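A, B, C and D are the chain letters, set down in written order, and residue numbers restart from 1 in every chain.
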Amino acid sequence: MSPNWVKFLGNTPLSNAKNRMTARAAREIVPGMVVNLGIGLPTKVVDHLPSDFPVCLHTENGLTGIGPTLPPDQANRNLIDAGGAYVSTVPGSAFFDSATSFAMVRSGRLDLTMLGAFEVSSQGDLANWKIPGKFSPGVGGGIELAQRARRVVILTTHTDRAGNPKLKDECTLPLTARGCVSRIFTEMAVIDVTPKGFALAEIAEGVSLAEVREATGASLIVPDSTLPVF
Amino acid sequence: MSPNWVKFLGNTPLSNAKNRMTARAAREIVPGMVVNLGIGLPTKVVDHLPSDFPVCLHTENGLTGIGPTLPPDQANRNLIDAGGAYVSTVPGSAFFDSATSFAMVRSGRLDLTMLGAFEVSSQGDLANWKIPGKFSPGVGGGIELAQRARRVVILTTHTDRAGNPKLKDECTLPLTARGCVSRIFTEMAVIDVTPKGFALAEIAEGVSLAEVREATGASLIVPDSTLPVF
Amino acid sequence: MMLPDKTAQLEEVVARIGDGATIMVGGFGVPGTPMTLIQELVRQGARDLTLIKNDANEPGMGVDHLLRNGQVARLITTHLGLNTHAIGLMNNDQIKVEFNAQGILAERIRAGGAGIGAVLSDIGIGTELAEGKQVVEVDGKPHLVETALRADFALIHADRADPFGNLTYVATARNFNPLMAMAADCVIAEAETVTPLGELEADAVHTSGVFVDHVAELGEISGEYAVVQR
Amino acid sequence: MMLPDKTAQLEEVVARIGDGATIMVGGFGVPGTPMTLIQELVRQGARDLTLIKNDANEPGMGVDHLLRNGQVARLITTHLGLNTHAIGLMNNDQIKVEFNAQGILAERIRAGGAGIGAVLSDIGIGTELAEGKQVVEVDGKPHLVETALRADFALIHADRADPFGNLTYVATARNFNPLMAMAADCVIAEAETVTPLGELEADAVHTSGVFVDHVAELGEISGEYAVVQR
């Protein structure tokens, strides 16, 4: 990553935990990448990229080169992203059909995807599409993004609304894909999935190691050196 | 077929046997059809259709709506048919890739194809792509046209250059497709492939039944009624 | 030759859809959903339908009208997240829902349109979407047999069309439309504008008219096509 | 955000092609054949190549230069009918040739580009093209497993491109180019014109730049692209 982008991110106002988390996740995007951002928190990541950052945003409903989201009075009724937001184009955007869109994903042309999660296991298994008996809207494009993007990172709250850990030894919910997750960004920490399990990589400002351990449902490898703070 | 087209064909100059044969084959094309004409004799069939005949000609290298063949000085270097002829477009032509082109063929959107033949069996088997040890340029798009066009008719000389029958009980050459041929047009006759074998449908002007039988390498069902002459 | 005319009255062609039909419906959210064809199908009332559509639109929009009118027995889809009404029908067993990974649904439809029997894919292996599917090894790795989907009818929304049925789509209204326009026995397209033959550029056509059976021009574009106010 | 720039010097990107590489080459006859990239590959001299191309052009043109220069070990193709020189090399066992049905070659390449393992097709069953292929039943009917093809490099000819690698093709020069542009680890496109970002209409782009690694503008268009005088 060029120092330029780092400097920019340093100037981003980090007014709250989620903003800090999405700003940190934005540094995951390397110039030249093709990136798909899932609905919700991941979509916010793009707000932290400078206007001349060289990246191609992909949406699975058939667009490469997503531009800014537009208010209703400026929206094009035929131009949405996969989450239904009215987006725009950039110079060099291209439209295509749904088969071609997933051809990009499955054939390895997607460098990075950022997704939400219900659960992530310490082996990198992801569950994010179904809670039996409660929530089963269908998997959409999630399986292919999770299984085939070259790098899959997760943006999620560290625990669910009831305070239960989302990071666990094993997922209990139906899986989206096995062993797909490389890294997890939460409001508390940046955690890598390693062959030995979860490894703490960075910690949020004002959060203690004990708090992270408490909120994590699996053992956590902690480096001997000082943890970077984001 | 509307009487209009029949009238037109009645006015076509039938100056020689091959011209008569292609003129007769042209009557196989029903208004509204999508048609693929193989290299050689089949291509000539189109000369017998009036300029306002409603038909769509398909070529497997990626065009629906083939227009007239052009001389070199008027040709577009990027616009050929599958036989390499410099063709043109008509109002409403569309270009597409090779996968889409054969999607049309395999999914049943091709109403009719006219192909050449080395051999046709009385069960409708077709051999037209390989003579082991002598001629093996590859099958090109022939298998898919033969196997999947809704109707496959053959335009061929009745015998090969050595005078041997091309219509036989069994093909001896490598097959293009089994049981695909519905009808055969030669300079001598129009012959249908029926569940009981070859059936003479029409005979060329000046050709005798005995001559057709002699030139055919399988038994021939002949109707009791008078044979139409073309 | 000239290309055949397939312009039709929307009411007359929708009348061909009988009880029990399988129908592909284009669209991803609002863009590309053939709202007018759907409304006509609601008016005419064919029942016991199987719908194949990426999503179920939103409550009170698009295919949700068919659901509310009790015309749908089965839905093959990828995601119902924006239609709580559809999820309710599913949870109460009032409709049967089959979920596909989005890109796999696209491939299955394309396979139907391309005249191939199935595609072999490893997407979803190890998840519940793989349950009950035939497994075949390719290069020693397990793949699921994802069978081709075809329908009796496809309802397509195009931006522009010509009388032969050549179609163009705009922006993300393309999505599943070009795939479904290949994969049904009877393809019915509504177009915002039908232009004379030759006005669509041959290189810019998205769906060749060869795939399309009927094309109807929309008059006024109803409010259902407009930007959704949330 | 802005889209990354992939413009490159043709000489430098062709230099990446080493001995033993598998290379897809666009084109059906002259149209769409990347004559300039081929000439540069002849000049740089990588050997023991596997070529995947619809045909072998004509003697003294296109990939025939690679054949004459002894750079080709293996050719995966559909038809060599216009190149007697290539047929001679095949018959003398100087190159290995694998013939595919044309639409099946297109599907195998598309499958590679779509990240699926294989397609199941009944094309060629009962002919020698089926020999040695795995058979799988779908709905009780035998289908051949037609495995996906990918290549190390794809050499593509486009009419227009932009710096991100979005491509458009003209007329029948499209053919295999958009398919091959999806199916190689390194996709190199030569374009007759490279226009600034935003000049290609997003709805009219044939190949999204996401699939393309390098794009080089051609200077003068050599005589090899011209209408062939026969």
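Going forward, a contact is a pair of C-beta atoms (placed from the backbone, for glycine too) under 8 Å apart; a residue touches a chain by one contact, two chains touch by 3 or more.
Worth saying up front: this structure is predicted, and the values here are computed from it rather than measured.
**Student:** Kindly list the shared contact partners of chain B and chain D, in label order.
**Tutor:** In this structure, the chains that contact chain D and also chain B are C.
**Student:** Measuring between Cα centroids, which chain is at the maximum distance from chain C?
**Tutor:** Result for max centroid distance from chain C is chain B.
**Student:** Chain A to chain C: how many Å between their CA centres?
**Tutor:** Measuring from centre to centre gives 30 Å for this pair.
**Student:** For chain A versus chain B, what separation do you get between their C-alpha means, in angstrom?
**Tutor:** Result: the chain centres lie 58 Å from each other.
**Student:** Averaging over Cα atoms per chain, report the distance between chain A and chain D in Å.
**Tutor:** Their C-alpha centroids are separated by 36 Å.
**Student:** Among all residues of chain A, which ones touch two or more of the remaining chains?
**Tutor:** Those would be 63, 95-96, 99, 102-103, 105-106, 148.
**Student:** Which chain D residues touch at least two other chains?
**Tutor:** 107, 110, 114-116, 121-122, 169-171, 174, 202-203
**Student:** Chain adjacency by touch: line, ring, star, complete or other shape?
**Tutor:** If you draw each chain as a dot and join those that touch, the picture is no line, ring, star or complete graph.
**Student:** If you go through all the chains, which pairs of them touch?
**Tutor:** A-C, A-D, B-C, B-D, C-D
**Student:** Mind listing the chain C positions that touch chain A in their complex?
**Tutor:** Its residues touching chain A are 28-32, 54, 77-82, 87, 90, 97, 99, 101-107, 109-110, 121-124, 126-129, 159, 169-179, 225-229.
**Student:** So in the complex, which bits of chain D are touching chain C?
**Tutor:** Against chain C, the touching part of chain D is residues 107, 111, 114-122, 134, 136, 138-139, 141, 143, 145, 147, 168-171, 174, 202-204.
**Student:** What part of chain D is in contact with chain A in the complex they form?
**Tutor:** Chain D reaches chain A through residues 1-5, 110, 112-116, 162-164, 166, 182-183, 196-198, 200, 202-203, 205, 208-211.
**Student:** Would you tell me which residues of chain B are touching chain D in their complex?
**Tutor:** Its residues touching chain D are 59-63, 72, 75-82, 84, 86, 95-99, 101-103, 105-106, 130, 136-144, 147-148, 174-178.
**Student:** Quick check: in the complex, which residue numbers of chain A touch chain D?
**Tutor:** By the definition above, chain A touches chain D via 31-32, 34, 46, 49, 51-58, 63-65, 67, 89-96, 99-100, 102-109, 148.
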